[in-house]
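So that you can tell them apart, the chains are marked A, B and C in the order they are listed, and the count of residues begins at 1 in each.
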Amino acid sequence: MAQAVRFQPQGELAHSVPVDLGKVRQPHYGRYLEEFAPGQVFVHPRGFTFFPAQMEGFARTYMQCNPLYLNEEYARASGFAGLVASPQMVFNVVLSLGVQNDSEKAMANLGYYDAQYLRPVHAHDTIRALTKVVDRKERGAGKPGIVTIRTLGINQRDEVVLQYQRKIMVAGQGDRPPTTPLPRAEGGQMPSFPWVEDAQVFLPDFPARLPVGLSGPASCFEDFSVGEIIVHANGRTITDEHLALTYAVGNTHPLHFDRVFSSGLSGKMSGDPIVYGGLVFAWLEGLASRDVSDNSVWELGFTEGYHTQPSIGGDTVAALSRVLAKEDASGPLGAQFGVVTFQLVGVKNITAASALARHGADLFIKENDKKDLGKEKIDEKIFEIERRLLIRKRS
Amino acid sequence: MAQAVRFQPQGELAHSVPVDLGKVRQPHYGRYLEEFAPGQVFVHPRGFTFFPAQMEGFARTYMQCNPLYLNEEYARASGFAGLVASPQMVFNVVLSLGVQNDSEKAMANLGYYDAQYLRPVHAHDTIRALTKVVDRKERGAGKPGIVTIRTLGINQRDEVVLQYQRKIMVAGQGDRPPTTPLPRAEGGQMPSFPWVEDAQVFLPDFPARLPVGLSGPASCFEDFSVGEIIVHANGRTITDEHLALTYAVGNTHPLHFDRVFSSGLSGKMSGDPIVYGGLVFAWLEGLASRDVSDNSVWELGFTEGYHTQPSIGGDTVAALSRVLAKEDASGPLGAQFGVVTFQLVGVKNITAASALARHGADLFIKENDKKDLGKEKIDEKIFEIERRLLIRKRS
Amino acid sequence: MAQAVRFQPQGELAHSVPVDLGKVRQPHYGRYLEEFAPGQVFVHPRGFTFFPAQMEGFARTYMQCNPLYLNEEYARASGFAGLVASPQMVFNVVLSLGVQNDSEKAMANLGYYDAQYLRPVHAHDTIRALTKVVDRKERGAGKPGIVTIRTLGINQRDEVVLQYQRKIMVAGQGDRPPTTPLPRAEGGQMPSFPWVEDAQVFLPDFPARLPVGLSGPASCFEDFSVGEIIVHANGRTITDEHLALTYAVGNTHPLHFDRVFSSGLSGKMSGDPIVYGGLVFAWLEGLASRDVSDNSVWELGFTEGYHTQPSIGGDTVAALSRVLAKEDASGPLGAQFGVVTFQLVGVKNITAASALARHGADLFIKENDKKDLGKEKIDEKIFEIERRLLIRKRS
């Protein structure tokens, strides 16, 4: 820290620089359909340093109950190097880092697939994100197309902490000016994109005796049985807080925080800013957490995730979980842990119990399959996903 | 950090697991009247690590002015090991940690008694909470009963940082299913509950010369006289922020953040989510702070605390303090410090000055005593408590 | 940490202390016109420790995109000692620390002038503030006067990090009681006030190769041309969050968070709480940041800053920048950096593009000059300022 520099005093200049309305530039971000091409790799700007208070703040905002994200002593006693960032926070941040490039012009997020958490994120880790275009499907002139992308979250040691795939609906460029410049391929090469096939998960050496008393008494591996439906008692009313929370995770899409923009849209999305889907997912996961995940030691990942209706400020969201599978963890982990797969369903402006009473089994059928089955979509249903956790056995 | 584990790829499962509406489970938390028994000790889940930004954030949200909670240099220069967590934050967190077990089914918090802050909480301390049932009073079939509980906040060195008692109004179970499983007494023994009778307070060795210039000029021990009424000028409008703030301190009661739940209630509590009382107390204390507590070096505690009316988002709260007693601290501390007891009264949707003009001395009579005195309760009054502080003398 | 002290148990006292309505005190803060005198120096209470999560939180709340404020690794790789506090945060905090004394009774903030950022603020730095009265202009009986003050932000090593001047409109005292006690001049001397004339800026030794890939591709020094107008695409709807954010930076003026106070005013400011201008400035700067400042390594400062219309919760703000000047940095810095001066203009409840289409060149004329030019003020325009940045050249 060592140079002292003297700059000219700052004088007032505006009146002496004529306004030239011929020199207007309006930078745009995101991409139109034509601006995606399979094989492209984007390095996303900014990155995100995880400070412990932000980690704890995220877990508390979204009502997560696993003490790994809230209690540093507990995390250490469980074998981790310190407080663990909620995987849901890692997902929200990694996705959001890519929005400015990938989806700030997108019309909809169509689905999340094959998300895998490969390593813990701890305090003071810095995560950056990369995206690769996997597929672009055009659906005819004037129609938006579908782009499939893969995204990686990478820490400061160049280790992948998360990888997932998503599909987005993107409008054609038409006569609009181009947006974000295409990535420059150094020497004709795109940046490397270290997606891991058949990935390993890097876990701590768990102690023989995990801490007791600070996680729920009824959410161990033995407490779940395949097929059971767990109705999570409490809901959460989403307030206008969601505008700030969108950018708190780095998401730059104006649909979520710019009412002039959102109310200027036509159709279903017109009106108040729409809650960024990652936040909805986070609240639903949090509402479920004390019943299903506060004895988990790892989120393995999720797939087939769909936001089936948008939410706005004022909506109250609630959640149900259904146990899809359970099995011992393989190898030595099996003595202490099992793997449980849950279907997580979100509803809004109705209690989870009432939603189950009203819609029964239909709640758990994917909304995209309803048409083929001759069933109506459920307006009160906002989200569906399958998630897989590594959960403690009762000690 | 050392094991790499390969899990099976996650495939879609929901369609292959038939939905069985006969296997529904709805976990409930909190307890009904019959589920409390004197002598029970509950170890509360999760715990809470105090990170400095959360400590500062709490103090700023609730408008606390004592630099001990805002300025690390000042705290060190005052003899503390570092930034001090606001005792009000410690209280809010310790109470909230117990809500899931103690009061998530409670109908009302009736009062706070005999709260004693025994040790500072500093950055990176982790606090857990325990509760013991002291008394259960039934009031006849169909009527809610009154449960008296004591709660401890304990740090990672097993030292008690806070102890207090409260009374809650709890409905009978009726034909509802049981809630949180009863604690298992190991070997027939409840967990130990180290409530401290005739407690000592652990304070730093204060320097001979405390820092000057960063705390208010008119809130030293000498500035207060017994009987005086201090009208705090500013109010604070509570916004919908309170929904998130409830869970930020760990409180899981849906009355405070679930509009489907709160609007489904009947009677006085029906409608918008009610502001969690701990937050109201915190704002009132903060509004008073620059006039009464920014030269305090310790909050000794409080008693006879009552929320006399609920608040909701949109309400503006304001505060008055009345000096009930002052005396030199005993022993060597007396040269630098005195003990001042204040009555703190909160009002809403009126300025503190107008409330005093309108209600006069009645503002300072406990609402529960009004009936016997033939007086009307004051609708605009929301809170009353007596608090005791250790305050610097002018140096 | 070493003394154990036993205090008397706290008993209930309120009923035994008669209420004396003759002993009422209402402390007031801020100053009326007569309470300012040129030459006075005020040492502001409290101070503010910058924790990294608050630094990151500020940058995210206000949508700032420069990775120096968001990514610790990037900041270090750029030559800084660690994460950098956004200069905008430093400005907001330093101004706010002075509000309780300088402007809690002020009717309006008239302008910001000659702000100079002299040193970085890093995590765990503690900033305090001092203000000196430079001028007091009376405008006749019954009229508010104009006070010119200079304020310094000083770190724990007694180094000036920020200095600026502002003008405020202040009402006369009339028959109101006095407010904050005047500062006591020790030995007849006011505290020293180390404003730096012809100041040097203390910058790190920048590495020969700055980090690439994490800041925007089109905001390097070469990308700007004098005279061009940059329309920033996104707006931000300000929610009731602004009430809490005001005190989060330490501002104590009730106009911003007390609806009973704000709705009791007469005239233009009556109604909902007004957004504290510092926050508006911060959002506008943030909305501009990915287009103009995410490749800056230093904010040199700003001048001629005016809030030309107030904003309230629910307003959506948007921004435009105009390039007023650019030149190479002098000396060895010039190889890597240039200095760019921007005019930043804010509008509300209209997109920046529509505001430009509707008002053209008039948007960039200072509102205070409009009358002399025979032009109408623009209701939709909320802010104007000139700011100067040190920006990377393309490497």
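Methods note: a contact is a pair of C-beta atoms (placed from the backbone, for glycine too) under 8 Å apart; a residue touches a chain by one contact, two chains touch by 3 or more.
The model shown is predicted, which means the values in this text are computed figures rather than measured ones.
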Seminar exercise, completed: For copies chain A and chain B, the superposing rotation on Cα atoms, rounded to the nearest 5 degrees, equals 120
For this session: Could you check if the interface between copies chain B and chain C is built from the same residues on both sides, meaning over half shared, or from different ones?
Result: different
Problem set entry | CA centroid of chain B to CA centroid of chain C, Å | 33
For this session: Scan chain A for residues touching two or more other chains and write them down.
Result: 51-54, 57, 240-241
Seminar exercise, completed: Seen from chain C, its contact residues with chain B in the complex are 1-7, 9-15, 17-21, 23-29, 43, 45-49, 51-54, 57, 100, 124, 126, 128, 156, 180-181, 240-241, 243-244, 247-248, 250, 252, 254, 257-261, 273
Problem set entry | Partner chain A, residues of chain C touching it in the complex | 51-54, 56-57, 60-61, 63, 65, 67, 70-74, 81, 83, 114, 116, 120, 198-205, 213-218, 225-237, 239-241, 290-291, 294, 300-304, 314, 316, 318, 322, 324-325, 329-331, 333, 339, 341, 343, 349-351, 353, 356, 360-361, 364-366, 369, 384, 386, 388
